[in-house]
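Take a look at these structures.
Each of the next two complexes has chain A plus one more chain, namely chain B in the first and chain C in the second.
And then the complex of A and B:
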């Protein structure tokens, strides 16, 4: 996928939220997009799937395998070639058991067998399939959302904040699971603020600040005191982690 | 001191989620609580804050009589903890008298008051939720994964605010989180949820 000069702005005020954003991702790659909450990270996912609210206007181009994504082409690709792992746990159908929801996405082959394989990979119990979403904990529901994407045969997966609320073991399983998209030669774009997660599985980390991607750094640059990081915001982000200095600057780099 | 003894709870018709749980926290203490997903940390938090009643066991809190519950809970998803159809001002007014000093300390800007929750970022809205909890002058605050949804800078800001307020207002702070680094940084002591129940 290749995003070129994507700008998203308010229809009324013309105030840009994402400003000429360009990013590309290849098969077998994991790229994380990190940035402050409210920086418009999730809007990128919505733009890719043509799901932006009507109050926002979008310019620029998004290509998927050389084809320009338009309203029409997106409709034929989403859910098949490109899938979204949504941020909201409310994306699960409250009236359908988890197992049924997952089976609905498995296109071919021995559905039961495949489902079992995914459940095992996720470290979830089989009884879970008979449960309704409200009976799941936040962590379980989150893993179910990934399982649903895994069950599809999409080549490009956009994960919008897949890791919050997971305990250490669940996080481990989740990250392991997300890397299977790479081993299966699919592409994963992870939108997250979870730096640790991004660091562990990504090839590159793209840093979004004030609507612009200020830096796309190889994951190895995020280490030590961050001397290989270029932009001041990226450095600050790195230093504000609890395992680093946990510092904040009162007047953020405005 | 806030002390939970032999707390036992199950969801209606479900299995026992909490069995014989013992937990205590002092005022002016910061205690971390970690544990696997689905273990019942949030359920325990709801019991401590009076949202749920245990089937067995007690929660004792030394307190003066007053209107608001002495244990206030701050949730993981601020957007789900407020009425989306109310403006920020109304959300805050529900908790008591508007306290501009407190709002200043929490970095809540006056123009936010006329906005709706969806017009604030996650970090901004979480500050509003913290203000709402602190306006009642609680003796204890339970922060249940409150910065999980935030980026590292917003997370560091929220924790510095919470620790400063806990120090100033002398409330006990219980931090529920999976983030080992975070707990190490902010807590006086850390307990694992599995260690809370013993026979």
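And then the complex of A and C:
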């Protein structure tokens, strides 16, 4: 997928929230878009699916496998070629069992069998399928959200903040799980404010600062003193990590 | 166990409600200027001597003090006797039984019609929110809501019965047919127009409520997710919208039993449809206290049951409540 000059602005004031954002991602790659909370990075996910709220307007071009996405074409790709791992646990329908929702994107023949496979892969119990979302723990629900994407055959997965609220152990599991998309030769775009997490699994990290992508650097550039990093903000971000110089206290950009 | 306690609680509440309602009704009728004897005898009042009048009063128990009258009514009610209607000179239970069926048919039809139509057009309005379809539907609803029921009834009567001759002008059965030969179809045929009148206004309520509820649901994160998962249009509606909307909408519809009853009184008047609504007006105007009290009690039960069903549905639909989990 290739995003070119994507701008998201308020319909009325024309004030841009994301400004001329360009980013491309290939199969088998994990790219993280890192930015502070409230920087509008979740809107990028909605823009890719053409599901922005009506008060916002998007301009610019998004290509998927060389094809320009239009309002019409993106509809046929949703859930099939592109899937979203949502940020909020409220993305599950409260009145539908987890199993039924997990099956939503399985297009293959033997749904039950396939679902079982995924359940095992995730280390979840089968009884879980009959439960309603409110009966899940936070960690279980997060894994279910990933499972829905995993169950699909989509080649591009957009994960919107998949890690908040997880303890250290659950975070490991989640990151491990997210890397399976690379193993399966799919592309994963992770939108996050968790720089640490991004550094652990990504191939490239795109840094969003004040509505613009200030730098896209391979994860290897984030090493040592960060001499390969170009932008001042990125360097600052890198140095703020505990194992580095610790120059700012906000190590996770909150 | 929880269920039993719930039912007991509800029964006590119903009992208190009935006592209060019957007492209030009795009080109001006692204070009303209508003299039951005069209303009963009507124009021939002049020919009745004071002695005869006293005899009638004694026969009806009207010579006793009001509290005694009320107490006696409560006592006989406890034995299952609703008393005798002054107006029809028949046991109240018999008068009501027949009318209850007529009214039940009328209100049932109206309720179903209003519910079905309301949910369908309310859904359409919400799924096409802020388009011209939505604006048309909303405009139509506001128009209906501000329409008096009896006026609408007269209008329908004029168009469908008088001009087009498609429906009977009134009553609940064909004229000149022995009551044992009246078929269910005859009954339904006569109930259609009054039911339509009653439902058309109900539709607006259900429709607007459905629209609000569905819009609310469509703004939930899980709908955004469902869209991202590739669900749109009807599929999205039935998979996530309808399921989340329908039971709350039906619950509210159950809770509208009270309005339904109120509307039925007007509708029955316009169509001279012999149901409870018509009977309660007659009873009120003629000071037929036993009949009035009985109908008031029945309608109170009716509305109570509606609210009760609404409550039960609310509890049952949400798995969070049904499975007794936390309610946050």
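Criterion: the second predicted complex is superposed on the first by the 236 of 254 C-alpha atoms of A that agree within 3 Å, B and C clash if a C-alpha of one lies under 4 Å from a C-alpha of the other, contacts with A are read in each partner's own complex, and residues count from 1 in each chain.
The working rule: a residue touches a chain if its C-beta (ideal position, glycine included) is under 8 Å from a C-beta of that chain, and two chains touch if they have at least 3 such contacts.
Keep in mind that what you see is a predicted model, and the values were worked out from it rather than measured.
Trainee: First (chain B), second (chain C), both or neither: which does A:68 touch?
Mentor: neither
Trainee: If you stack the two complexes on chain A, which partner ends up touching A:165: first (chain B), second (chain C), both, or neither?
Mentor: The first partner, chain B, only.
Trainee: Using the touch definition from the top, say if A:232 reaches chain B (first), chain C (second), both or neither.
Mentor: Neither partner.
Trainee: With the two complexes superposed on chain A, say which partner A:51 touches: chain B (first), chain C (second), both, or neither.
Mentor: So A:51 only meets chain C here.
Trainee: Who contacts more of chain A, chain B or chain C?
Mentor: Chain A has more residues touched by B than by the other partner.
Trainee: So, does A:138 touch the first partner chain B, the second partner chain C, both, or neither?
Mentor: Touch status of A:138: first partner only.
Trainee: Mind working out whether A:104 is in touch with chain B, chain C, both or neither, as first, second, both or neither?
Mentor: Only chain C; A:104 stays clear of chain B.
Trainee: Between chain B (first) and chain C (second), which, if any, makes contact with A:83: first, second, both or neither?
Mentor: second
Trainee: With the two structures laid over each other on chain A, which partner does A:92 touch: chain B (first), chain C (second), both, or neither?
Mentor: second
Trainee: Pick out the shared contact residues on chain A: the ones touching chain B in one complex and chain C in the other.
Mentor: Touching chain B in the first complex and chain C in the second, no residue of chain A appears in both lists.
Trainee: In their complex, what parts of chain A are in touch with chain B?
Mentor: By the definition above, chain A touches chain B via 34-39, 136-140, 161, 164-171, 193, 195, 236-237, 240-243, 246-248, 252.
Trainee: Show which residues of chain A lie in contact with chain C when the two form their complex.
Mentor: 46, 49, 51, 75, 78-80, 83-84, 86, 88, 90-96, 104-105, 132, 134-135, 148
Trainee: Across the complex, what residues on chain B touch chain A?
Mentor: The touching residues are 34-38, 76, 120-124, 145, 148-157, 159-160, 178-182, 184-186.
Trainee: Spell out the part of chain C that touches chain A in their complex, as residue ranges.
Mentor: 220-222, 224-232, 239-240, 243-244, 317-320, 323, 325-326
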